[in-house]
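Next come two complexes, and both contain chain A; in the first it sits with chain B, in the second with chain C.
Up next is the complex of A and B:
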């Protein structure tokens, strides 16, 4: 078990971070190169002002008509994404790992709050799963990949939750937590989780077209 | 009301015969050549970013009007067309292409309302246009709209108006209007005029009174204006909607070059939405212009300016309560909604807003070339916009009796809605009212 732990927190963790960061940069660069090669006009329509105006509206809860139409989904979506990003970065045990390995340290969440935020992520994932199955308009466009990416995102939180509470099979869940966490990092650039990378650009482009050319709101 | 049974089994010769001529090999080659040759990072980012959340659904009048049938949600239409082509790398059947063409051409108005509901701002109208482009390259386009594209190609106008019929119509309208204002002229080919006034093909074909009214407004407002006597007078563009970008380019070039030949300062266009989209946003880009090479002013903005400058005085405001429709191509496409309200308030006693309005207004279900796909799809088009009827009925319940639709496609589409659902509204262009209430010389 100890060797396995060394391996997944050592070389495998390195591989995961390299693939995550390198892959994300690659996807970004590939997109920019493709724009430059085939759709260079996009650069001439991109507007910092209107792009940011659009992004700002769409990252502010209830700032758009569609968010107001779906208040429950809006609340769940925002909480889910905030907790999804903030919890792993500011979890005390993660910060300690950074500290031990790199002498880097930063503020961390109280464990109780982190636990609650983990539950929010898991509950959010269950909400999205149910919505996907129950809503006909979502079900119609759902493919296996949608369930898989939801599982990829939920897995590190479920296993982390179980490992933290140490109710049973602590070591097993710990290992599984690390593995699924690494899997999620690697999946971000190479699955539709890449909306994390692309969405600011698609949003900014639509915002620029609506603001700069069409003189209209896009929210 | 009678439910037309046949809206799901429409026969369209353009699609039937076009699909019969296809081979799987040709389909695969064509799809891949369009995807590889004409699309790039945008399509890729849109497909890779879409999280399949379905949040665009409620933006679409088809979806809302067809009892939330997911086949009619924006993303549902993407799934049934471009996703499948991408997934199968172009290996789809002729039957699939026929269905894809019907979906892209007759079940989406390209109104871009869904772009305002997608959290990522994914441009679904753009994807539907790619599908239309592929279907065009395969020769599977609905018959009626293909005919208008042919007309553009042959005559440079949408309605097969022949070379001599055009100046003839202008002269006829000039003479008619001279009965009202004896000094009135429709100046043809006047080099160096401030304004070139351009219209869509249907105006000389069967709505010549609109040219009459425009001439009166221009004359009374004292505008230094002209109309071309040659081709290039038509600003409309159905080729844009069939995916025939090459013809779109020829038509737009003719339009811009006519304005350049006449050395006008700007082009003022009649109350048409799709033509504005073509001249202001799409055709210019195909020709390599970031913004149009000649300033393009839609009728709404023109009326706004002449009213604001006091060039036109209102003798007596229009008394009947009106409601105002916001056409997609000039509101989501150009943000003219406050100007149209200014014009309306200047001319009318009472404006009763319909809801939703401005950028969020429901589409007329005629635009994007859908009404131009002709009679086979008429029932489907009307059934697919029940939500518009409900929206209009609510405005009527608040007292509106006249519906202002400052766009030709909207006008015709709303007329069908009005008739089918028995709304009993009178539909007018802004110009109809302006002509009626303006101060004219005795």
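Up next is the complex of A and C:
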């Protein structure tokens, strides 16, 4: 157990964070180089104002026509993404680990609230899974990788939830929680989870085109 | 004898027994966490004598270290004090906060020795 713990919280954690941060920077750089080579004219109408205007609309709940047309999806999507990002960063156990390793400490969520937010993430993942299976227009653009990505995202939360409650096989789920968390970090730059790093750019690009070229709203 | 008097005496005996057993060190089951306001986790499982027997610790200062001006006093021991006498809830210059002090003292040694609990739920059992 100790050698396993030392390995997965030591070298493996380093590898996961290096791949996550390095991979994200690489993907961004590769995208900019590609754009520069193939569609350089985009830079002629990229606009900070229209870009931010579009981003602002799309990160505000119900600020777009599409969100108002799908109220349930909008609520689930926002809750899912907020809880997905906020919970692991501000979870007390994680903050304690940062403090132990790097002497860095910040505000943390009460465990009860973090537990509730974890349930929201898991419920959201189940919602997206059912939506993929049931909704024809989503089914049409679904491939096996979509299910795998969803599982990669849900896994650290399911295992974290089970480990936290210590109902059964605590140590097993604890190890699995660390491993699946690291897997998710690595998956972010190299799968479609990369929308985490790309979305501000695609949004800014759409906003710029609609605002500066088509003179139309993109929300 | 009146029934309620018997109950009363029984209650007092049980109460005294519980009180005494809670306060004797051989029978301690968990670390006293009463200093923490609204602790998020149950206090850590810790049987003092059993732990030291298993870990083969005879020197109290192994855990009950003593620092003066940021320097650890060799063979200086602090078992007559509470951890919280030195370690406040918030960290100060060179003294780690109480929670971190507990974690580093226990988990730190467990990792070095490759013995004993290292993950949250192994100590903070529900």
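By definition in this document, the second predicted complex is superposed on the first by the 219 of 219 C-alpha atoms of A that agree within 3 Å, B and C clash if a C-alpha of one lies under 4 Å from a C-alpha of the other, contacts with A are read in each partner's own complex, and residues count from 1 in each chain.
The rule is short, and it goes like this: contacts are C-beta pairs under 8 Å (C-beta built on N, C-alpha and C of every residue); 3 or more make two chains touch, one makes a residue touch a chain.
The model shown is predicted, which means the values in this text are computed figures rather than measured ones.
Of the two partner chains placed around the shared chain by superposition, neither chain B nor chain C is touched by A:68.
Of the two partner chains placed around the shared chain by superposition, chain C is the only one that A:96 touches, whereas chain B remains out of contact.
Of the two partner chains placed by superposition, only chain C is touched by A:165; chain B is not. If you count the residues of chain A touched by chain B and by chain C, you find the higher number for B. Look at A:146: by the touch rule set out above, it reaches chain B but stays clear of chain C. When the shared chain is aligned, no partner comes close enough to touch A:49: not chain B, not chain C. In the overlay built on the shared chain, the residue A:137 is in contact with chain B alone; chain C does not reach it. Note: no residue of chain A belongs to the chain B contact set and to the chain C contact set alike, using the contact criterion stated above. Chain B meets chain A in the complex at residues 39-42, 44-46, 48-55, 57-59, 63, 68, 70-71, 73, 75-76, 78-79, 115-117, 119-123, 281, 285, 290-291, 331-335, 337, 359-360. Those residues of chain A lying in contact with chain C across their complex are 1-3, 5-6, 92-93, 96, 99-100, 110-111, 163-166, 170-171, 174.
Of all residues in chain C, those touching chain A in their complex are 40-41, 99-100, 103-104, 107, 110-111, 114-115, 118-122, 125-126.
Chain A meets chain B in the complex at residues 31-32, 34-35, 37-39, 41-42, 44-45, 54, 58, 64-66, 69-70, 73, 135-143, 146, 192, 194-195, 198-199, 201-203, 205-207, 209-210, 213-219.
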